[in-house]
Amino acid sequence: MPFKDECGVFGIYAQPEAARQTYLGLYALQHRGQEAAGICSRNGRELILHKGLGYVADVFTEAVLDRLEGDAAIGHTRYSTTGGNVASAAHPFLVTGRFGQVALCHNGNLTNTERLRNRLIQEGQLFTGPSDSEVILALINRASAHSLEGAVAEALRQVEGAFSLLVLGEDSFIAVRDPHGFRPLSLAKLDHSWVFASESTAFDLVNADYEREVKPGEMVVIDAHGLRSSFPVPEVSPRPCVFEHVYFSRPDSFVFSRSVMATRREMGSCLARRHPVEADLVVPVPDSGVQAALGYAETSGIPFNFGLVRNHYVGRTFIEPKQSIRSFGVKVKLNPCRELLRGQRVVLVDDSIVRGTTSRKIVQMVKQAGAAEVHLRISSPPTTHSCFYGIDTPTRDQLIAAQKSIPEICEYIGADSLGFLTLEDLHHAMGDQGGQGFCYACFDGKYPVPPETAKA
Amino acid sequence: MPFKDECGVFGIYAQPEAARQTYLGLYALQHRGQEAAGICSRNGRELILHKGLGYVADVFTEAVLDRLEGDAAIGHTRYSTTGGNVASAAHPFLVTGRFGQVALCHNGNLTNTERLRNRLIQEGQLFTGPSDSEVILALINRASAHSLEGAVAEALRQVEGAFSLLVLGEDSFIAVRDPHGFRPLSLAKLDHSWVFASESTAFDLVNADYEREVKPGEMVVIDAHGLRSSFPVPEVSPRPCVFEHVYFSRPDSFVFSRSVMATRREMGSCLARRHPVEADLVVPVPDSGVQAALGYAETSGIPFNFGLVRNHYVGRTFIEPKQSIRSFGVKVKLNPCRELLRGQRVVLVDDSIVRGTTSRKIVQMVKQAGAAEVHLRISSPPTTHSCFYGIDTPTRDQLIAAQKSIPEICEYIGADSLGFLTLEDLHHAMGDQGGQGFCYACFDGKYPVPPETAKA
Amino acid sequence: MPFKDECGVFGIYAQPEAARQTYLGLYALQHRGQEAAGICSRNGRELILHKGLGYVADVFTEAVLDRLEGDAAIGHTRYSTTGGNVASAAHPFLVTGRFGQVALCHNGNLTNTERLRNRLIQEGQLFTGPSDSEVILALINRASAHSLEGAVAEALRQVEGAFSLLVLGEDSFIAVRDPHGFRPLSLAKLDHSWVFASESTAFDLVNADYEREVKPGEMVVIDAHGLRSSFPVPEVSPRPCVFEHVYFSRPDSFVFSRSVMATRREMGSCLARRHPVEADLVVPVPDSGVQAALGYAETSGIPFNFGLVRNHYVGRTFIEPKQSIRSFGVKVKLNPCRELLRGQRVVLVDDSIVRGTTSRKIVQMVKQAGAAEVHLRISSPPTTHSCFYGIDTPTRDQLIAAQKSIPEICEYIGADSLGFLTLEDLHHAMGDQGGQGFCYACFDGKYPVPPETAKA
Amino acid sequence: MPFKDECGVFGIYAQPEAARQTYLGLYALQHRGQEAAGICSRNGRELILHKGLGYVADVFTEAVLDRLEGDAAIGHTRYSTTGGNVASAAHPFLVTGRFGQVALCHNGNLTNTERLRNRLIQEGQLFTGPSDSEVILALINRASAHSLEGAVAEALRQVEGAFSLLVLGEDSFIAVRDPHGFRPLSLAKLDHSWVFASESTAFDLVNADYEREVKPGEMVVIDAHGLRSSFPVPEVSPRPCVFEHVYFSRPDSFVFSRSVMATRREMGSCLARRHPVEADLVVPVPDSGVQAALGYAETSGIPFNFGLVRNHYVGRTFIEPKQSIRSFGVKVKLNPCRELLRGQRVVLVDDSIVRGTTSRKIVQMVKQAGAAEVHLRISSPPTTHSCFYGIDTPTRDQLIAAQKSIPEICEYIGADSLGFLTLEDLHHAMGDQGGQGFCYACFDGKYPVPPETAKA
């Protein structure tokens, strides 16, 4: 598989200062990707692009934003990927072809990239890097349709997998979500203009009013004639990614028409019912475990508090000491509050366990801080399968839950007890009777779209 | 008044990689000052200094830390100050004089700086900037004593106000706290060496074991003969700064031998008893209001949740949009969770009100997010007086509680009700029967040390 | 016309530290382009690219050079161009297509770019920017040949204009010069490996031994089977660019098998014979006028000296004073030596006059420094036509010699007399009997290849 | 000896945009120091300082220059020094003391620094670094005089050695040159204001008209009452530094009331008479050997040309290849022109020989480029003694001429012949009958002021 990306997208049409609004939107989506950021704007004569490595606030200066003129723009924040020429992987991508200048950014991951790329290369296409975006742009450019809108629709019929796309053309703006709706994308109004974002929290910062999700399989086109919607690809059963609610989205966001915060709290409640324990204190692993911990505390009646305090100043270039410090990697982010933990039976709540190494360090740290017992509660089922739809997960051989039983994991981690949600609990917390409404593949291995290359 | 500084200090003696340990310690104290950072180390031949503007992680690189050789070091993080030559105000200060090289950093604010400076200038002293540190170093240098230790003791008898000092000499390391003990300073052991820090959280990161506070008026000297303690200045009634517990310190720290987290929770409990209200939800203004809100919720039985979500990616150079956005300054840091707030009667808990402008914006934001009622609860009494002991507060004419009554403040802020702690509540929360154990001057105007220049 | 570029290229094959050698080569070619630099290396598994804006020494760090592994590399320095997304115009270009990864960099300018681009776009090709390089890469990729070598040959038959290309493939290295040989490209040996560079001075720094020019129309291919040469395009009369000798190349270089320094000195000698004058001092406009001035002095017997001293610290971001300073733009680079000029009759020697504004300021400056007379001598004919083969010249309406007669130019510039070389003199200085051996289009308007779009 | 510094100073009084003018002046003096730069301006309320490491163009931005308000300013460029805390060694120094704020920058080196520093430390003074400037500022501050002017005069009577000082006070501007006049300092008029600079070339860029040297021992004071001059120290025989003319100053400068260019050419003429040789070509080691080479060529009748071409893009951070390249350190700056040198008998002219290692590499390089013979001619006598007056020279044991005879040096360097100027030739070239008018200590060891600590 080439690249995995968890990213955030934001777009705005028919607004003065479109690039500055996009800058704000990306800033609100910064948690979706801290490696790179980019904006492409349209000023009526040409499309203008700026992208670079780093935080949104570092990539864009006043001078750069002044250069990004125009009343339409799309932008992107990108998650950390390892190796390769990272700069060339930043979005948006801007090309000139049959439809003049076209810019594209996307959140997601195609599952048939390799096949499409190989075919396109045979047909004479060149690629500057491994990004899915170049594949999609090539498909658009080679479509038989005579309009950008038609060409995007044609391209959609060829790609498989997860994608929420924003396309900025010389005369139109197009937003698309894959038919399964794996990745989120919503729509809001700001005055008389339209705004699109991965999460609703981005609308709040620019004072836009949330309207609705872009629906799975929907293509929204905005141009001089206004906004219109169509569904160019055959309908399938939607499968939005449950992990957006488990971990990835901001708690104050509305994602897949559901409140992330409320869902997480409900996960915590389920967890309290599923794995009750005699304890003195419910402690979240901040920040992602906070809402589930509140739900656990509320349902169990056990007091909640921040027994682990997070240091938010951690930057990308922190220097480690040469002599080893116990659990340094975890301690630099989290500090246990001894006063609170000493002698207590602690319910520690986290959102998931991937490799298990971090959980193990945290449990050790809480114990060294004096906790009498540590009962680890995870607000999702065991992560047994890799994601092929845009969430960066390791291969199965590195997923502890794919290799060990729950008692073995508990022993490895050193907790006094360990409890996960069941799949049914998760369905329930998601309000998904029967468990057909979301993609749970990382928990159950049922992939809605077969991945091109299975990981070991 | 020249400069106010809320800062963090860290020092270590007889440890390999002293500068790297100090780097970690400063990183843990980053919340005490984000404007500048500096470290001075001693390698047996000379003292080596590096300081600069920005976060700890930006000021120090691997190459710089490699240059800061030696087994003793002191370091400092500095809070934002306006105007002036900020670079020259970074600590530590390193000078060569009668005692060879001497480096000093301090947290606090002298109240007789101007008088001392003028006298020293008359005596022929030069100053490179307005820092108190240069005044202290000049007094040390001009003392009649023949040892650095004696000279520091002599200097201490001349300075007034608030100071926690670390002094690194060619042969000794000295830690001092002013006789009132306004600012915190604690002592820990790491293997066979000693570590000093403003807050205990810095000890945790370097795996040092907390021993005790440096006592008000105490001078701790460490050299080849080991550690010794003395009290060179006449004893006075200690008055540690209550604001460290109200707002400034990290919740996981032990400050003035008290848990900050526990104190804050107790403040919230008091507040719930003092100002009960019928409500549906207790919402903290994060991060400083969290523990008081938890205390309020626990005592009142009203559910607690994060109705305001904080964006931790805010940097120093965020670009504002040209067109105004309602409450932008607050929104860029805090986003209301509409789902949670809609239709709710909200108890909003913050630590203090200074000018009232930010509180007003937050209350508006919560109401616009749909809250039915907003009851603002402040976990300290009205701030009616400026601080002269190292906390950056505006002059009285800018303190809303010095200008308006509580009902007037409530009206200005637009809350449905407003409740502060009383002074007696605060005494109680601090475990301070009679209210003589801490400095409450910002709340009651009773200044333990008369300020040189009273603010309006 | 899209982009004009005077650039430098360097390539090396079968040498350890290929990227570091290329870095040195580019450094020696820095005078050919200061805006951007890039290197692509090949490590046996993949091609690795790094490019950026700025001087060679700024774009590459130790860490970057370490990442550019492998024993083959090509590099490029790029001249200043105005507007547009400059970053995307930096070379080399690296693509993945039918022949796997292919990198290309070139010096020159195609004259049929627009036509080719339009055709390729119709055929489904996408372009990320306006560079000629992408056009060439697309032609290579769409060739019917089955080898990269064959495809390059096919592409060459379609492009017109000026180009010296270096192509790095997964298994071979190709160097090409257009059939007219407009732009230089030479070949040298370093131990058992081959080195290519725009000018021979780059060979000197890496200790390579100059072998010969790549011939006009020649394609040199190096791979596991060694080096082979072919001439894939129909032969035409070679027309190397005379301006490389007039101005662009370094004096210590061997260009088009001729010594630049010797040619320039001969130009000066011709000038002395063509436009003798009674004078006291021959003064060059440094650095480009130095050799011609030496030739003028030698032939005329008038003493030579540096009456204008150049400040070599001029960077890209020099801040101009707000209040205007006479002739500031020129003075910041050149300072007259009053002592030398005072009362003297000066022969001022420069290489060419483009708009005339700079010459006017320099003449004024020399007069204000006390010169009694200033006789301007130009070591080339009047520049009356724009270049379409890679030298950045303004449009004809901005070329003073296309708009004014020589006496009018002399008056505008304020010189006491003005003399140019004649075309015949230039032919002579270039050893080009009959004037058919080089391209003199900027002087005589005889374009060997018709430009696609004529400038006004 | 603490620090040696060859530096440039510039000051301006009663001019709008004083800091911007100073920026230009420093830019013109950039050759006198590339390590650090600083400017202090006075805006009527306070003195404002900015200094930093790097080139003038790097240290100052528009924003910084805007902050340096006021109509008076002094500035400084600083030469490379090794080790130590370089940032703290940048000038100007700004202090607050008895005379309010006082800024100082200087070019030169005191010879009794250690003695003065020790005395001042005994008297209670503190120093932040090893700079002479702090010693002078302390002496000024401790003077018994009641005016800054009087105090500067008093301080001058205590310091020994070489110094050209600019002092900016709250109400006055003072320029001073030491009684021997070791280091240059001149005075010019710009409209109605006064400008001071180390070399006259700085006046040219700001359009100021050269007036005269500040005389050895002179103190020039400018304030609201205008300009006045005095000689506060006993007169001694002036001894300006001959090395300013041999090497350090720019050729277009007027230094010590003499044209640098004319002096250097005369040195070359003397050299031609003293050491004639049968040869084909005179080649300078650029840039410092150019004028002497022109003089040699003129007198000898042997043609002059640039057989070595200098690359002016060499920055501070050039990366060396890992595998060694013959004579790399020299080649990166100088490239031989083979075409010119091949088979020629070359007279190579340089200004001086210090350690001999660079000369040796250059001679080798010229021979490898094909020269038949290389006759090295040095336009100064053998450098046998270290400088204690501000020129950075190695200790005697590293000076090849202090360790070897001329034939031995010739052999080490590998030249076919080697000729130096004699001391008498140098006296003659400087127009100094009897050799009492300048300091020749580096050539004859006759130190006008005894150095505090003799180097080996």
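Labels A, B, C and D are assigned to the chains in the order they are written; within every chain, residues are numbered from 1.
Definition applied: contacts are C-beta pairs under 8 Å (C-beta built on N, C-alpha and C of every residue); 3 or more make two chains touch, one makes a residue touch a chain.
Note that the coordinates shown come from a computational prediction; the quantities given were computed from them, not determined experimentally.
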Original post:
Can you list every chain that touches chain A and also touches chain C?
Top reply: none
Subject >> Taking each chain's C-alpha mean as its centre, the one farthest from chain D >> reply: A
**OP:** Give, as an integer number of Å, the spacing between the C-alpha centres of chain D and chain C.
**Re:** 37
**OP:** Provide the C-alpha centroid distance between chain A and chain D, rounded to the nearest whole angstrom.
**Re:** 61
Original post:
Measuring from the mean C-alpha position of chain B to the mean C-alpha position of chain D, what distance in angstrom results?
Top reply: 49
**OP:** Any chance you could list the residues of chain B touching two or more other chains?
**Re:** none
**OP:** Pull out all the chain pairs that touch, please.
**Re:** A-B, A-C, B-D, C-D
**OP:** Using the touch definition up top, name the residues of chain C that touch chain A in the complex.
**Re:** 48-49, 85, 88, 93-98, 121-129, 137-138, 141-142
**OP:** Flag every residue of chain B that touches chain A in the complex, lowest number first.
**Re:** 16-17, 20-21, 23-24, 27-28, 30-31, 34, 55-58, 60-62, 65, 201, 204-207, 250-252, 254, 259, 261-262, 265, 290-291, 294, 298, 303-306, 309, 311-315, 317-319, 321-323, 325-326, 331-332, 335-340
